[in-house]
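Consider the two complexes below, in which chain A is the common component and chain B and chain C are the respective partners.
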Partner chain A sequence: MLQEFSYQAPTTLKDLYSLLKKRAGKAVILAGGTDLMVEMHNNWIAPEMLVDIKKIRELGEIKFSRKEGLSIGATVVCTELIKDKNVQKYYPLLADAAHRIGSHQLRNRATIGGNLCTASPCADMGCSLLALGASVELGSADGVRIVALKDYFTGPKKTQIQKHEVLQRIIVPIDMANAEWGMRKLKRIKGHDLALISVAMARTAGVMRVGIGSCAPTPVVTVDLPASASLDKVKEATFKAVSPIDDVRASKEYRLFMTGEYVESVYAELTRGRSRK
Partner chain B sequence: MKISLKVNGRKYTRDASESKNLLHFIREDLGLTGTKEGCGAGECGACTIIMNGRTVNSCLILAVEADGAEIETIEGEAKNGKLSKLQQAFQKNHAVQCGFCTPGMIMSAKALLQKNAKPSVEEIKAAIEGNFCRCTGYQQIIEAVQDASGQLKKKGELKRA
Partner chain C sequence: MLDNMDKKNLKYIGKDQQRVDATEKLTGQALYAGDLEFAGMLHGKVLRSPHARARIKKIDVSKAKRLEGVHAVLTGKDLDYRVGLYLVDKYILAKDTIRHFGEAVAAVAAETPSLAQKAIDLIEIEYEVLTPFLEPKKVFDKKAPLVHPDLGSYDYVEAVFTPVPGTNIANHTKLRKGDIDKGFKDADLIVEREYTNPNVQHVPMETHIAIGKWDMGDKITIHTSAQSPFTVRNLFAHAFKIPHSNIRVVIPYVGGGFGGKAGIHLEPLCCCLSKVAGGRPVKIQASREEEFSLLPCRSGLVYNIKTGVKKNGKIVAQKMTMYWDAGAYADYAVNVTRASGFSASGPYEIENAWVDAYTVYTNKPFGTAYRGFGHVEFSWGMERHMNYVADQLKIDPLEFRRINALKPGSKTMTGEEIVANTGNVTSCMNAVAKSINYGKLTAGEKAREKKTGMKIGKSVVALQKAPAMPPFTGTVLILKLNEDATVTASHSLTDYGMGTYTSIAQIIAEVLRWPIERIRIPIETDTDRDPYDWQTVASKGLLLSGNAAILAAKDLLDKAYDVAAQALRAQKCDLDHDAEKVFVKHHPASHITFKQMAVGYAYPNGNAICGPIIGVGRYIAQGLTNLDKETGQGSPALDWTFGAHGLIVEVDEKTGAYNIIKVASAYDVGCVINEASVRGQAIGGMIQGLGTAMCEGYIYNDKGQLLNPSFTDNKIPTSLDIPEEIDCIAIETPQIDGPFGARGVGEHSMIAVCGALGNAIEQATGANLTHMPIRQEDVWKALQKPKSASTKKAKTAGTSKSKAKGKKK
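Up next, the complex of A and B:
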């Protein structure tokens, strides 16, 4: 048995907002549960209330429009993102990144929104969404605000979300649709494992970005580089963005070395036009 | 909280504690102890069940979240005392040693075969990536799934994965 808590499953955003406002700091949002249930199992946290948001229909939608781009609802799980036709067609980097998360059992349950809320430095969706210039929409009884993902992560497991707010969707801009892309994730074993480092690159006619995971206190991204930027410039911007540490999984030197290797190999892939589009 | 769910085709309605996970609910409240608890933290896959057509770690789900769900567990495999084709393939190919991972392993293999009748070795490996086996070294399990899908060559011709 887990610690005692009360369970609420509101069916509308309005009910969710008022619940979060009333119980700010006491209520914890439950989406896929693949991180939260582990934290509770290990007695790292003991929330008074769990607010299950999976019964709020609009949070489960993936939408694509030529005006806004891609909208990923907070409760969309990895498997749904991977299978989505518009994601496969316009943002294949995201399908590839989601496929690299955990195992089948975890991808069938883990949400993209939850991955960003746990905000681990190695969040698999972090570097890919950063490379695509994504934003998150945070909602509460006070209104809705949109935060660029590059400003959203504030530290390991820390974000800009306030206690009475919910991450309700992720927005990937239309100008990044059909971007050339490439991704690498370094793991210790072939099977499901956390990233030692991960690198995701996206390039359109107007911009190139590299998103890097497990190489700083949060997933990070380079400044916007011109599409024509040379490999040296891309590497320079990458090393400026990262600040890795030694930990149980890898040393600082190894992380830096492999980040450089991956940037080189993905860059070459983009240049040869062999990027899977 | 009162919940209703279907497990292996049978409908159950029970009062579930909110702080109980689905794994413990299935084992303790429904008495279906085939599904095992390994790590309890979503790493090992021993508690794998099929929920609404998808494999999940039942230790990472609250029982109350499964209200209205359709669930398949290892108990749904054998019919009238006869092992399913997949179970027979596991037995025949020595894919079971201590047996602790087997109920979850079979659920993952079953979900794979439902989607892909003739999976390649690589596809089988990917499908059981979330199920740890500490006895067999996986080779016999992969062969069992190949056998169950009618793809196992004679032992002499086997290309070891």
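Up next, the complex of A and C:
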């Protein structure tokens, strides 16, 4: 490590809030660190202080209730989400999406909250949580506010989080529990890679959504579609949501083609799944 | 040498002997250059250019110099030394002119890496950005900017290379065999196409690391992760005009090289920083990102092949034009051009051949040696082209290869005659064809197609390579007998992962007839301790050093017999030995042990004879010549190792996604010395080749800036990307001058496998691919184009059951 910084590890949310308020703009939150360390290694950022939030007990919890749905604390790592019984039972799409992140080593360290805070257009948890209509809870000394994930991303690596705020948990609504689901991720190798595009779909009796990654400046989601929407309607809504570009990873036209392909194949999977029931 | 021994009587040759360095590596005890620390050691950092071509208008290092803890700051102005392997064209730090993205512009040595980086960040530079030259094919464009306007004044190896001053041509290699015009006139069909490869990175696990110390009186000590200690020493001596004996180069364990560590790289800079810092050692450890552009890569290639063939499938003429994208400095690229120039046809006989191979300077990171030394790159084009021509002829591509394969009596492109002991490429092709059930789909494969909806394709390709080395390449191995009758070897071949040391230990144990546990081969090489070896490159190590090992072991025994003959009052011809002693054949009780004579034999009364015993083995390549500069004719090849790959792929015609189901590889290695090492080389190189075929490669913008300078966007294969099934086959046609008949196989596994993938994908789907790498998107794009009638037919020809099979051996 080539940088010097000070380090704090508060144990309560209250201490965290006051620290963030005092050092707003100078302190950076450290959870898993799998993105932060890379950014510091490359000298893209040089924070004065790292605020480690792993010692705050409640941020490490995954909770499920019939009332609220699923709550994922900010320091829950991918592996914990993948292994969680309630996630496996009610929101298997999330376990699948988390499993597509990086390698074993990364999944043991990388947090779901961090994935949303880095807010890369290719965030693997972005498209899946969007499809499930998730929201995030941002806390600060000023209080707690809940932001729908579809409004949370504001640009590449940009979010609604204010300098003195912390993303403290992710909430996945109860009405998306047991949703039918499917996910695809296009990569350059079979081993760990960023998504060239990713498509996650979720459908309940009431709604169907497609979340798409790496196909716009942020992860995006279609409008809420009726569960009975035809494939054509779903594709139409998908293409309306995306605005891909050419880059070193893929061309715009291939991204569009594969997005359509994935929507088609997941849609077929959902339909087959329904007929089995 | 010893090529006619019956393997049944051999104890170590051909057996799986555990690596001599296995324990040290597996337990982490092995020390690499990065692990080394010296008293007072400083850390160096380099400032790299963000531009591909620019003039340095101003550099201000005053702030960096003022920073406490900084002991040396250097820019190009301070260093008037140029280095270069064959063409002396590179300043240690850029002087006035920037020639590639990532080029070293300034360097700092400070007490910690972090301080050094801080100082680097304080250096202010003003550039005048210039239009870069990026397209090697535009080399004849008179208006193209010159990368080296002073090319005419550079020193170079005149016997071998031909730079063209006033152009961007660093070297033009010519080959003229037979009568090309007549050949094309006689042809029934002429087929021409162009193939391209990008720059790729070697990606050794250990990056480049060097520690340099410049003491008073110009005494230099270098610890480095280099492949070849004596090359570092020699080039250093020439660049700084310092006596060779003043320079000591030590190479500890090395974590992979693949050619990228073959020459001299960070060593001069470390030493220059050390000199300014009053002789404190300076370590520079390249970051992974620096590997991509500060340090060299593999040259790109544009390869145009025009082939004249008879209807019966015999190639009668071939014109080959190579534009090697060498980047900003010639380094090894000029020799890659030469070595691939004389080999450019692949393992096929071309009666009338014409090669123009140009090493073209461009404003890109510079190219160097990379496993295969040009053969991986041109074999992509050549093996794709062989299928393309076969397709036009409506001959099965494997049969087309068999028709044209080099065989005893054939003449190579340089006019060298192939004999029975050169090796057998047809056997290699037949072995892999059998392994993949070439020419048909098995019932299982048909069922798989039905289940997945993907199309399965198969291909067989062939390859060849000889070491690219001076005709006078030599080596020495010394065996020092220790007091307890163990021996310690001293030599300067390095083992940066290949396993050659273990093979050499096996050879020594076999010749001495001693247990292998008594043979010690230290991993570290040291130019002050060990005798000369040219370089550890070119797949020549086993052959040359193996022979030297045989000679050293024989010499040691000869010396031991001398002592025994005197001590036992016997003639040498009446002596024999076992693992412990030399004895008189007809009076075995009359003997002396190796221990007794190890450091000099003493009689009971104290009289002594002979002194400590050493065995010396010197070996030099025999019968090779420089190539004629006008015709490319001559004898460049120490040994030709032939090989073949068979590959099975399945492809999704809609999306372009593909999976490699199987790769079978066969090499005529002459003699397997260590089976696990041969298998390791075979699999490792094949996967490295597939990496460049599937996903690796530099991507630049139109300003010549590298857009994927790290693992984020320059992917390499992982364990999940390897073929589902791998088969390795060794063919053993003994090499008469190889140790126990063996020849090298370090690079060969990487060659031609890219073409195998392209051909199998084409056979499955008709996708016409001429550029590497073949990403999923590239297959998709190729499939968007209307398929030509011929590729459709090619597909039928490959999968139909009769055509290829009927002609199998």
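Assume the second predicted complex is superposed on the first by the 272 of 277 C-alpha atoms of A that agree within 3 Å, B and C clash if a C-alpha of one lies under 4 Å from a C-alpha of the other, contacts with A are read in each partner's own complex, and residues count from 1 in each chain.
Throughout what follows, a residue touches a chain if its C-beta (ideal position, glycine included) is under 8 Å from a C-beta of that chain, and two chains touch if they have at least 3 such contacts.
Small disclaimer: the values here were computed from a predicted structure and weren't measured.
Asks: Thinking of the overlay built on chain A, is A:Asp52 touched by chain B (first), by chain C (second), by both, or by neither?
Replies: first
Asks: In the overlay, answer first, second, both or neither for which of chain B and chain C A:Thr34 touches.
Replies: first
Asks: Taking the superposition on A as described, I'd like to know which of chain B and chain C A:Tyr254 touches: first, second, both or neither.
Replies: Only chain C; A:Tyr254 stays clear of chain B.
Asks: After superposition on the shared chain, which partner residues are touched by A:Gln3: those of chain B (first), chain C (second), both, or neither?
Replies: A:Gln3 sits against chain B and chain C alike.
Asks: Should A:Asn108 be classified as contacting the first partner (chain B), the second (chain C), both, or neither?
Replies: first
Asks: Using the superposition on chain A described above, determine whether A:Ser243 touches chain B (first), chain C (second), both, or neither.
Replies: neither
Asks: Touching A:His192, do we find chain B (first), chain C (second), both, or neither?
Replies: After superposing on A, A:His192 lies in contact with both chain B and chain C.
Asks: Touching A:Ser230, do we find chain B (first), chain C (second), both, or neither?
Replies: neither
Asks: If we overlay the two complexes on their shared chain A, which of chain B and chain C does A:Thr11 touch? Say first, second, both or neither.
Replies: A:Thr11 contacts neither chain B nor chain C.
Asks: Where on chain A do the contacts with chain B and the contacts with chain C coincide?
Replies: After superposing on chain A, chain A residues 1-4, 42, 191-192 contact both chain B and chain C.
Asks: Quick check on the complex: what are the chain C residues that touch chain A?
Replies: Residue positions touching the partner: 113-114, 117, 289, 654-655, 694-695, 699, 707-708, 712-713, 715-721, 775-777, 780-781.
Asks: Using the touch rule from the top, collect the residues of chain B that touch chain A in their complex.
Replies: 1, 17-21, 24, 40-42, 45, 48, 54-57, 59-62, 64-65, 108, 111, 126-127, 129-131
Asks: Of all residues in chain A, which touch chain B in the complex?
Replies: Chain A residues touching chain B: 1-7, 30, 33-34, 37-38, 41-42, 50, 52, 54, 79, 102-106, 108-109, 191-192.
Asks: So in the complex, the part of chain A that touches chain C is made up of which residues?
Replies: Touching chain C: residues 1-4, 42-43, 186, 188-194, 248-251, 254, 257-258, 261 of chain A.
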